[in-house]
Amino acid sequence: MINSLYRPASGGLMIELPLDQLTAALRDPQNLIWIDLSGDDAGTFQALLTETFGFHPLAVEDALVESHIPKVDDWSEYIYLVLHAVDFDHDQLDLDTHEVDFFLGPNYLVTHHTEKVAAIERVRRAGQRDERHLMRGSDYLLYELADEIISDFMPCIDELDEEIDRAEDEVFDRPTAATLSRIFTLKRATLHLRRILSPQREVLNRLARDDYAPIEDKERVYFRGVYDHLVRLVDINDSMRDLVSGTLDTYLSVVSNRMNEVMKVLTVVTLLFMPLTFLTGFFGMNFFGATYEVTAPTDGKLLLVLAVLSMIGTPLLMWCWLRRRGWA
Amino acid sequence: MINSLYRPASGGLMIELPLDQLTAALRDPQNLIWIDLSGDDAGTFQALLTETFGFHPLAVEDALVESHIPKVDDWSEYIYLVLHAVDFDHDQLDLDTHEVDFFLGPNYLVTHHTEKVAAIERVRRAGQRDERHLMRGSDYLLYELADEIISDFMPCIDELDEEIDRAEDEVFDRPTAATLSRIFTLKRATLHLRRILSPQREVLNRLARDDYAPIEDKERVYFRGVYDHLVRLVDINDSMRDLVSGTLDTYLSVVSNRMNEVMKVLTVVTLLFMPLTFLTGFFGMNFFGATYEVTAPTDGKLLLVLAVLSMIGTPLLMWCWLRRRGWA
Amino acid sequence: MINSLYRPASGGLMIELPLDQLTAALRDPQNLIWIDLSGDDAGTFQALLTETFGFHPLAVEDALVESHIPKVDDWSEYIYLVLHAVDFDHDQLDLDTHEVDFFLGPNYLVTHHTEKVAAIERVRRAGQRDERHLMRGSDYLLYELADEIISDFMPCIDELDEEIDRAEDEVFDRPTAATLSRIFTLKRATLHLRRILSPQREVLNRLARDDYAPIEDKERVYFRGVYDHLVRLVDINDSMRDLVSGTLDTYLSVVSNRMNEVMKVLTVVTLLFMPLTFLTGFFGMNFFGATYEVTAPTDGKLLLVLAVLSMIGTPLLMWCWLRRRGWA
Amino acid sequence: MINSLYRPASGGLMIELPLDQLTAALRDPQNLIWIDLSGDDAGTFQALLTETFGFHPLAVEDALVESHIPKVDDWSEYIYLVLHAVDFDHDQLDLDTHEVDFFLGPNYLVTHHTEKVAAIERVRRAGQRDERHLMRGSDYLLYELADEIISDFMPCIDELDEEIDRAEDEVFDRPTAATLSRIFTLKRATLHLRRILSPQREVLNRLARDDYAPIEDKERVYFRGVYDHLVRLVDINDSMRDLVSGTLDTYLSVVSNRMNEVMKVLTVVTLLFMPLTFLTGFFGMNFFGATYEVTAPTDGKLLLVLAVLSMIGTPLLMWCWLRRRGWA
Amino acid sequence: MINSLYRPASGGLMIELPLDQLTAALRDPQNLIWIDLSGDDAGTFQALLTETFGFHPLAVEDALVESHIPKVDDWSEYIYLVLHAVDFDHDQLDLDTHEVDFFLGPNYLVTHHTEKVAAIERVRRAGQRDERHLMRGSDYLLYELADEIISDFMPCIDELDEEIDRAEDEVFDRPTAATLSRIFTLKRATLHLRRILSPQREVLNRLARDDYAPIEDKERVYFRGVYDHLVRLVDINDSMRDLVSGTLDTYLSVVSNRMNEVMKVLTVVTLLFMPLTFLTGFFGMNFFGATYEVTAPTDGKLLLVLAVLSMIGTPLLMWCWLRRRGWA
């Protein structure tokens, strides 16, 4: 689908510019044209990008065919830019990203994305409502889009941070295999985020610092703002990764600790009852029966007292020994 | 709340400068004005910063709206600076930071912070008591504030270091789940500190090294002192992080070690008593009873002696075997 | 074996150029010659490379004798290049690489490889079918080969990624020694890939950025495309390595967790039945028999009731205690 | 305490130069004066450093008040240097460091340290015995001091290395909690050493490479020697850290291994005796007694044979099963 | 011992050059002299190096007294170089290194080593047999020596690689404490190798890249070949280190896994037999005896049947429960 916004130098705003008027509109450097290509219609898009705009075939192929990590390529009159918008499923902690390609020229901006990107929708609707968004040139429009795209990462990072807190509490309170699985999912998510955010930061750094023809010097400071935002996001994400790793280590320690507790109980119970069982077996042997039967019932009672006393004494001794070792 | 200190070129000190005299006061480069904006009154602050001082809207937005990691932005006539002051809760080991924004111009310093910052209070009170603090220009005032803010990290780092020592002792003496939880808290704190200190160090490095219009060359050496201090803090913090990680590893080893001890006791007890229990069961079977009843009591006594001897012999043999394996 | 493709400046395409015409063909800078040396015939190859082409002995030795990590050497009129093609056994996850040596001159390309390399085959067949592949000069031909060689890494990386997913699922569902062995194999594979991809990326970066005589300025942008592809591959591979390491850590945690479960069951069973066994032993001692025989059967029944009650009460008490500790 | 060595241009050597002659002595660039300030007498030292030598207040404060990691500050006519001397307690493996501050001018060297530093003592005594140590200028004197200070690290590193060897042997032979504690102490020591050695290396690198007024070009090569020495020390220390970490990992593995052995013994014993105990219990039930009493003694003997055979057969079967699993 | 090779400009080859002719021989820049100093005769060597060759005392001290990590020092007319030759004990996996010092001048090469170095022997013998080895100048001679020294690392690395494979197989098949000990030895060896190879690579990089008076520009390309070789060795060694670390982690996992198996068997046996033992004890109590004696033998038989049925039913129930949990 092709959406366009066109603000002629003469003023006014045209929401869907017919493609046959595009070449004429591009000719006046005072005009501003934003073409948003969405979906999979590669054939139509390629024709438009290659013929109407005259972009280099490699750049068009980058935009339409291959998937890329964020980057910026300088093609002198125009720049080609790849950013990634985030699409976060809060329930599944599932982090998906959509590639957005930008072609920024002196008086136009072409965006391309296969899936719907919320940030682009918002900026387009704002531009339709209020033409002032289009008054400051194509570079400012790019800034607005980049700013919206990057801002969408924040709620996703906040959610992950809370989730890490929750996982950490779970590790100390009641560690289960499900906790482990969630920690692993969180680790994956932070790894994924880093893979998206770091090159994106690098791209914005270059936009804020280097000299590109379609970006006016005085607008570069806005990209520095977006860059600062990305620096912070990367930074928080790195901390989160350290925390997730720490949580995994802690999980192991907590489980070891609990196993230690379980083993102590097992050992104490075994220590207390094994000698007792031996004693009951010992005094239960028929020899005693044989002996007392031919002697006297008093002997039997004496033996009974002896047995009971030893059965009380043995665990008491064990208990003292355990206390001395600090186990009970 | 707006607090101000004003030292006119003509001498004297005015503690609260009415805002309507501010524009006049700023005009004379020999004057020195320090405006401290604290709290949430973003509307008033924005008007003041944008209109009276004429700061760039992006810089004002950075100061009032967004939160940032420490950085320095050069806006040619003035510089915009973000530092973080620490607020340490000694009981909870809870490390909080307050963002402080600085606008440093040739004859003024504007500070902005939402929460109360102890270091700023101290410098303001010193400035009110003794006007010499304001005699050396806005850059020296900035140095004094930065120095105080950074110095406040030292007691916090000392406390963490002691806490790590304590945790480490606990790991060797009596490792519990609470120890583990404290180690994790310490890890979080050192991670947090690093996130605050490293960019702060970079900011001070740039102040000490780069050329900024509002900072005189001969004052730069003071910022180098603060920078050196930060280098040391970062360094100590890195060592602390290594130690905390080491403590976590050690925890696991200590717990494993203790479990090993517990298992040995369990195994030794089982080894000694299981054969005994078997023997009592064996000699307790009724067949012997059946046999001796039809033969003679002496047979019963013989069997009893045999049983007792085997019950003494078996654990002795086991004991020898255990000693040979080095378990007892 | 020596395969050649020859496109004279006068047009047309010659598939196997006799070696004695080679020197003449090389003389016209408008011709394009691609010589592909495959197999082990080092003697013939050395003669050809040293005498006909006049390459430096060190470069020829690099190509024919020693094995190398990917690199590019600038010998001014020509460049010497080493790339590694992947040969992936999908069943064994066995990753093998074949070294490919390139000599790129202004109007020729010499490739050398000991084993059959699929990517080279494909490009040669394409060149035989359609001479346009040879119209754009030797540098574009090198690009086509490099692009094919690098593209072959993608399916291999995809397969590894899926395998990691599978291993991870196995770790949570049913961790066995075979899982561990597979994780280790995956770790080895990602390590191996990194060893191949990183220097390869560096080589392409240099081709895309530096000035080499045989590569025209306008063709360099194509190498940048291959470089971008490699950046992404290295990036994905690094993420995979982190995931594999995480899976190994998780394995340990899952196994610990399971052992904990097993230990709990063991301890609970021991706790419930050890006291019961003691009680049966206790009430099974002959003293009771001695006693009731001389008194009355009712006493025996009383004792039986007492025994059964204590045998019901004891495990109930134990169960309550276990519930309070959260074990059952 | 203030110790001084003074070699006038006119020759001869004065061991304790009265402070009132100092200013005069400093005036002749051919003289050489070494002032060594030791102890805590900050007041006197500050007066001397600030007034007589005219050092910058910040440098004096660095020297007398704050503690620092090693660094070098260039104050154009003189340089300020911080090094750390080691003080190693061989019994406790306790590594302490003493800060030494240097002010190096064209014809003087001022050293300051709070504690006694063996390396400085040695150089001073050598200088007192033989004035040739003072013939080559203040920069060579600095070199001699730095060389001695750095050389003192070697025995300390040797001792740690041996201690690591010993700990490692212990881990394999007889791992105890004390071993663990020692490994942790070693880890701390290597961490501490790295914190001292790395910045010190950087300082010497700058002395050997950069241009400082008080250091003659031809003397710089001596500092390169000290720098090489430090490079080696840092290198050995890094290896030691890796070894200590490896020892900690190995500890865990060894303990796991031993626990595994213990568990196997426990399991084998349980496997062999639990069925036996059941069998004795089974054949010990009174029903058999009831049965044979009313039948015949031969039945009893038959049952006895049956019982004994099953008690021999069961452990034999178990043993075979264990052998097949490779546990016995 | 002093060995020398001397090729005068006039041709011919003199194997042992008398030291008193050395000064004369050095005077003609067309001559080539190689002096090899081996053993401990520091006094003689020092005189030769300092007086005859006139090397700087620091360089001579570096060569004769101190031990160094590989480095290259530029003394303008000559360069001083340290390389390390490997001496590998294949049986003990014991990696020893011998320091070799080189002084390279325009027409001479001086080598010094305390122990016998195989690579030097080989080059000397080749030079004695065939004077062409000495025709290409002192820099080419240095290249030949460096190449031989570095090539000797390859078999040692191959051996370690195989040993790692073997250790890894052992970890999965039959992990013992000896395996652990071998893994640790391998870790030490790879650490040691890295410590030797990395600075050596840096040295060769500098020889291949930087401008040194005694090395002709056209010979530098040979050092690049040695450098490439070292890059590969370092690279393989790094991979080996990762593999060794992975093997250590895997060891822990495998041991945990095996312990889990052992625990499961213990638990299953305990679960099956503990209730049985209780039942035999329960039915073995004398109360039953008391009861049936006064009633009828049929009651006894009934109880016997009941007992046997419960003893068959209980383990069956347990077995079903175990199957449901997936343990049997």
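Lettered A, B, C, D and E in written order, each chain numbered from 1.
Here is the rule we use: contacts are C-beta pairs under 8 Å (C-beta built on N, C-alpha and C of every residue); 3 or more make two chains touch, one makes a residue touch a chain.
As the structure is a computational prediction, the values presented were derived from the model and not from experiment.
Visitor: Could you name all chains that are in contact with subunit D and with subunit E at the same time?
Guide: Looking at subunit E and subunit D together, no chain touches each of them.
Visitor: Nearest whole angstrom, what separates the Cα centre of subunit A from the Cα centre of subunit D?
Guide: Inter-chain centre distance comes to 39 Å.
Visitor: Suppose each chain is reduced to the average of its Cα coordinates; what separation in Å results between subunit B and subunit D?
Guide: For subunit B versus subunit D, the centre distance works out to 24 Å.
Visitor: Where in subunit B do residues touch two or more other chains at once?
Guide: In subunit B, the residues touching two or more other chains are 252, 256, 259, 263, 266, 270, 274, 277, 281, 284, 286, 289.
Visitor: Based on which chains are in contact, what kind of graph results: line, ring, star, complete or other?
Guide: Graph shape, chains as nodes and touching pairs as edges: a ring.
Visitor: Listed in ring order from subunit D, and going the way that reaches subunit E first, which chains are there?
Guide: The cyclic sequence of chains is D, E, C, A, B, beginning at subunit D and stepping to subunit E.
Visitor: Which subunit B residues qualify as touching subunit A in the complex?
Guide: It comes out as residues 56, 58, 61-62, 66-69, 71, 73, 175-177, 180-181, 184, 187-188, 191-192, 195, 248, 251-252, 255-256, 258-259, 262-263, 265-266, 269-270, 273-274, 276-277, 279-281, 283-284, 286, 288-289, 292-293, 297, 300-301, 303-304, 307, 311.
Visitor: Quick check on the complex: what are the subunit C residues that touch subunit A?
Guide: Residues 168, 172, 221-222, 224-225, 228-229, 231-232, 235, 239, 242-243, 246, 249-250, 252-254, 256-257, 259-260, 263-264, 266-267, 270-271, 274-275, 277-278, 281-282, 284-287, 289-291, 294, 326-327.
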